[in-house]
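Two complexes come next, and they have one chain in common, chain A, joined by chain B in the first and chain C in the second.
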Partner chain A sequence: MDYSQFLNMPQEIGLLVVFLLVFLYDTFMSKKVQNALPVFTCVAFGLFTIANLFFAYEEGTIFGGMFETTQATVAIKAILNIGMLIVLIQSIKWANSEYMTVRRGEFYELLLITLFGMYFMISARHFLMFVIGLETASLPLAALIAFEKNRYESHEAAAKYMFTAIFSSAVFMMGLSFVYALSGSLYFSDIALSVMGEKSTMLIVALAFVIAGVGFKLSLVPFHLWTADVYQGAPTPVTGYLSVISKGSAAFGFMVILVQVFGSVYDMAWEWMLYALIVLTITLGNLFAIRQRNMKRFLAFSSVSQAGYIMLGIISANALGLGSLMYYVLVYVLSNLAAFGVIGAIENKTGKVMMADYNGLRSTNPWLSFAMMLAMFSLAGIPPFAGFFSKFFIFTSALSTGSVALYVLVLIALLNTIISLYYYLLVVKAMFINKPGEEGAIAPFKSACSERLAMIVCVLGIILVGIVSCIYSGLIEAAESSVTMFM
Partner chain B sequence: MDFSYSYLVLVLPLVTFLFLGLMGTRLSRKTAGVVGTSMMGITAVIAYAISLAYFFGTDQGQIIEGIRQQIVAWDLTWLEFSEKLVIKIGFLLDPISAMMLIVITTVSFLVHLYSLGYMQDHNHEYEKGLQRYYAFLSLFSLSMLGLVVAPNIFQMYIFWELVGVSSYLLIGFYYTLPAAVSASKKAFIVTRFADLGFLVGILILSYFTQTFDFITLTSNPTAAIETAGGATFMGCSVMAWALTLIFMGGAGKSAMFPLHIWLPDAMEGPTPVSALIHAATMVVAGVFLIARMFPLYCMEEGTMTVITVIGAFTAFYAAAVACVQSDIKRVLAFSTISQIAFMVTSLGVARPELHEGVGYMASMFHLFTHAMFKALLFLCAGAIIHAVHSNEMSAMGGLRKYMPICNIAFLIGCLAIAGIPPFAGFFSKDEILVAAFEQHTFWGIWMMLVAGMTAFYMFRLYYKIFWWNNPDYGHHTPHDAPMTMSLPLIILSVVSIVAGLIPFGEFVSWNREAYHIHLNYTVAISSVAVAVVAILLATKLYLKENEAPAKMAKSFKGLWTAAYNRFYMDELYQFITHKIIFERVSRPLAWFDRQIVDGSLNSLANLANSASFAIRKLQSGSIQSYVYVYLIGVLLLAAITVICLI
Partner chain C sequence: MDLTLLMYLVPSLIMFCCGVYGFVTRKNMIAVLISLELMLNAVDINFVVFNRFLFPGEMEGMFFSLFAIAIAAAETALVIAIIINVFRMAKNIDIRELTKMKF
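After this line comes the complex of A and B, so read on.
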């Protein structure tokens, strides 16, 4: 066996090294320095993330073509790393709470394993590899969601997640078996060749099952029902992780499957399915979000509708779409984690998670309110924050196909941004305009150093990513160099 | 010559602005003032170094065959729309931008220094908000410098708006005074309205010529117009439209009739601000803009005629109003409008073929000298207001005994603006008159008449302040200002005396070739004669307190009242905005907005709300129903697609 082929997966190897270091530290270091484990993990992962950005990658395949590294996979993994790093920094305070002392090693190890699974899902060029990645990413998450095991909600959330995950995997595999029946292979390239011009009911059913399977991870309507309960029940750092990293990787994998494998039956089969899912996802996500008063549930539905916007990049099915999708994921990671950072900081301090608790927050905690406001503005897509540019680019990519149906779709999405503006601004209104209730606003407090660091990174990102135009053009370039292999 | 260090000229004011702005009241007022002033001083030194190196440098490539080259010291690409249409931020050095660097940093530094003395009350306490004041001054300096060195029209537009913002902030510095607040709003809205034309002009221009770059546009205007391909709109070529609209932006900033109404009100700001922004720098931005694109403007005869007519009319109008105002800052404001109109007219009548484009050179020359002597006059006015605590001429008189330095400085300023040799204004105004005569005798005589009026109203002002009568000043005898204020007066006086002797044409001309100025004696002698007669008339009327001016005002009552009320221009605007736009246009629109637009949106919102209420059952919390919905979803998805496609 030629071991040098492993050099074609440098990011995976790097992540594995980080994982092993954390594992060894957790297992063998003395009790006295155990408290430093979260910081150690952050530093190790941070170094890995930074090294990642400056490493020159070579494109190539290994495992007999089952795994491929392209510019685009490198870019999306780098984006996920940034998000992961922020999540890790945000969780330091929580992981150092007394309750977590014995278990925090597991927390970090499980987190890193899920990321490892996502890496494989992103780079997979064979459905078996894809499923392994998907499951490696899914199962540890159930454990993570149940992490606060003394809390009843945490259990309930984990059970719901676990059950829905298994169910969706079953549906996904069912779809795969149909695909295998059609083409006799599970290699992406083989399937792409054999479904060309295919026009059978079987293909459509297979596609519906595959889409539903991945749609679960992305929480597309109507496969989203678990989202709110799980987001509410899970520990806040895990919720943040679920909402951005898990979703971002799934979106990329989804696009690879649909465009690279089923690209030739675009207008035949999946365009309209995805169309319906996007309309449903954005609209219903918004409608549900309007009524939420619990911040974590609120963000759960907001993330449902955001997933719908991400799908616009997929339905454009070109390099511009892939680049815009990655850009959207990056911006979404920063904005959503900023919001979760604020929620986590407040929850850690006071245990309050309802929107009404945020009334009058500006007068007591101006900086937190400011960060939250920026996050909401960015999520709603208000210029000049990054969220505006990401929405703009993703709409552009959908329009670039020139199809009338997509013009209508973008119009629907635009109308929905108006609804979303309403509920995002509700949060801002609560913080800046509403009078505090009888107990008064949340008392001023100093958030932990780590929480502030994470928030500063997010806020800077929200302000700068839109303005620094080379990020977008770099992603488009990466997408263009990879997409030629797609179609 | 390597000019890459020129970025400091923009970075230093920016840093000062951020520092002062962010530190706010954590700095003491004095520290803020000293920091602001010294940073501006450093910026001025660097700007001088750049300009001198540009004008006197002998490096290869700086002057080729007698033509000064335009040098792009540095530029950064910001947005790339297409290969040609690129937005950059950069630093363009050519004669006019180098000259403007000197003008802006000089006046700005002196104003910074002067403000240290001016912004104190009579107990020598610094005024509240001085930190904010200096932060805004730095922001203004940054924006103005960024504007003049812009190598493309887009960067110019960005800084153009920033200039507008900082002017707004500074006019409204005394934000507790209703007059200052409404003046700042007026200035912002009027100039913003004009900038709408500017923006549309930029869009048309860049759309048809496929570039924002000044060098590309002006080095070969014929090619630029060919790129536009002779497209027309309502009978005029699109280029004429674009250039006229761009001029509209310039006319707004430079207070040309009928967009001048904001400038007199802008005098509500602190007087040093009036000196810096509303006399020396910002208001000439429009002139600078036309000069920057002069080769393009030359191609459109119609636009040039518009510019000439508007300039000449404004010059006359503002001079007529200035003759009867009683508030000294208003007189100076109208005088500024009139003088800027001189520059605009001069550009309007300039043609490359007429006397080697003397009008262009004259306009820039007058811009330079005017900035100096008008800043001087405003700073003197500030010292006077500081001493007598009033803007009204009736509260002044006989001040020459109490304020000798100010008296002499003001007299020098008046002589300069009246065009008496050898003071600065004589040389530049003379060149403008030459240019006007070159174009048509009518314009020449017209402008000479206005020059005479200038001398008259300036000396009316001078006599009313320093001679006229001796009111009783009570126990608060006015006295000369402290050194921080007097020093800038002295420096500017010296400059106002000698600036005219600079061989300006050697440095600045329309094709950047050295232009040798010759005095045209016929024009020079007749213009001096007109000025002297005007001054004598003013002396006769205003040297001593007498009844003659009041009698004259009575015998020309209609004219006098009309001029005093600025020919009712403000009332006209009031009528148009309130009676026509608000009543006849806005009100029906507001009804439509409330009833139809809001109504339909409200019903949409209600719809969304009730839909969201109706679907809440879907989220039951029970996992069985979740999976049920999931499965139904998959099957429906598959079924519908199958039915639709096959």
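After this line comes the complex of A and C, so read on.
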């Protein structure tokens, strides 16, 4: 066996090294320095993230073509790394609380392992590898959701997450079995060749099952019911992780499946399925978000509708769409984590998570409300911030195919952006305009150093990512170089 | 009498549908878990049968079902742990009682 082929997966090896370092630190270091474990993890992972950005990658395959490294996978993994680093920094305060003392190590190890699974899901070029990656990502996540052992909601959320996750993977694998019957192989490239020009009912059924299965992970609308409960019940750092990293990687994997495997049956099989899903997801996600009063549930439904926007990059099925999807994920990671950073800081200090608790926050905690405001503006897509550019590019990519149906779709998405403006601005209104209730506004407090650092990174990202245009063009280049995907 | 492809596929489809039905209607969480296992096993049967009848020269489907069985076992272990935790907190495992968080 040629061991040098493992050099074709440098990012996985890097992550594995970080994981092993954290594991060894957790197991063998003395009790006195255990408190430094979160910081150690952040430093190790931070170095890995930075090394990632400047490392020159070679494209190549491994495991007999089951796993492929292309410029696009390298780019999306770098984006996920940035999000993961922010989540790690945000969780330092929480992980150092009294309650977490004995479980600190496990928390970080499980987090790193889920990311490892997502890496495999992104790079998979064989359905077996994809399924294993998917499960490696979702099983430790259930353990993370149930992490707060003494809080009932945490377990309820984990039960709901796990039942829907298993149900969705069963549906997904049922679809795969039909795909296998059609083509006799599970390699993406082989399936793509054998379904070309195929016009059978079985293909439609298989595709419907596959889309439903991945739709659960992405919380697209008919399959979104678990989202709000799980987001509310999970510990806040895990919620942040779940809403951005897990969603971003699933979106990328979804695009690879639909475009690379089923790209040749685009108009006849999945364009309209996805079309209906996008319309439903964006609209219903927005309408449900309006009536939420708990900040975490509110962000859950906002993330449902954002998933619909991410799908707009898939429906164009070209390199421009892939690049815009990655850019959207990057911006979404930064803006959503900024919002979760503020929510987590306030929850750590006061335990309050309702929107009414934020009334008059500006007078007591101006910087937190400023960060929250920027996050909301970016999520809504107000011009100078990155959210505007990501929405703009993803609409452009959906229009690039030139079909009339997609113009109508983009129009619907645009109308929905206006609806979403209403509920994002409700939060801003609560902080800046509403008078505090009888209890008074949340008292001024100093958030922990780590939380501030994470927020500064996010806010800088929100302001700069939209303006520094080389990021977008770099992502487009990365997408265009992975020609194997677009036949 | 030779067994044909259909004679395997129909039971597996029935299993899958029973699993979906049980997932939606059952009250006890353990029963829900059993329904999920039925669905996963129907998938395994499908893979093995397609491999055996349609592509007898290869082993891809067989291997997929081997991995799927392992994954299903891991999932079961995790779900049972979660069910035990829920039981400790709430003193019952009725899935309809999981309503503390609701919109």
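By definition in this document, the second predicted complex is superposed on the first by the 484 of 487 C-alpha atoms of A that agree within 3 Å, B and C clash if a C-alpha of one lies under 4 Å from a C-alpha of the other, contacts with A are read in each partner's own complex, and residues count from 1 in each chain.
Please note the rule applied: a contact is a pair of C-beta atoms (placed from the backbone, for glycine too) under 8 Å apart; a residue touches a chain by one contact, two chains touch by 3 or more.
Predicted model, so just to flag it, every value in this text is computed and none were measured.
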Touched partner set for A:288, first chain B, second chain C, both or neither: both
First, second, both or neither for A:107, with chain B first and chain C second: neither
Touched partner set for A:226, first chain B, second chain C, both or neither: first
Touching partner for A:204 - first (chain B), second (chain C), both, neither: first
A:167 touches, of chain B and chain C: first, second, both or neither? both
Partner chain(s) touched by A:268 [first = chain B, second = chain C, both, neither]: first
Which of chain B and chain C A:130 touches, first, second, both or neither: neither
Which of chain B and chain C A:157 touches, first, second, both or neither: second
Partner chain in contact with A:469 - chain B first, chain C second, else both or neither: first
Interface residues of chain A shared between complexes with chain B and chain C: 159-160, 163, 167, 171, 228-229, 288, 291
Chain A contact footprint on chain B (complex, rising order): 78-80, 605, 608-609, 611-613, 615-616, 618-619, 621, 623, 625-627, 629-635, 637-638, 640-642, 644-646
Chain A partner contacts - residues on chain C that touch it in the complex: 16, 19, 23, 29, 32-33, 36, 39-40, 42-43, 46-47, 50-51, 54-55, 58, 60-61, 63-64, 67-68, 71, 74-75, 78-79, 82-83, 85-86, 89-90, 95, 98, 100-103
Chain A residues touching chain C - in the complex, by the definition given at the top: 127-128, 131-132, 135, 139, 142-143, 146, 149, 152-153, 155-160, 162-163, 165-167, 169-171, 173-174, 176-178, 180-181, 184-186, 228-229, 232-233, 288, 291-292, 297
List of chain A residues in touch with chain B within their complex: 159-160, 163-164, 167-168, 171, 199, 201, 204-205, 208-209, 211-212, 216, 222-223, 225-226, 228-229, 268-269, 272-273, 276-277, 284, 286-288, 290-291, 419, 422, 469
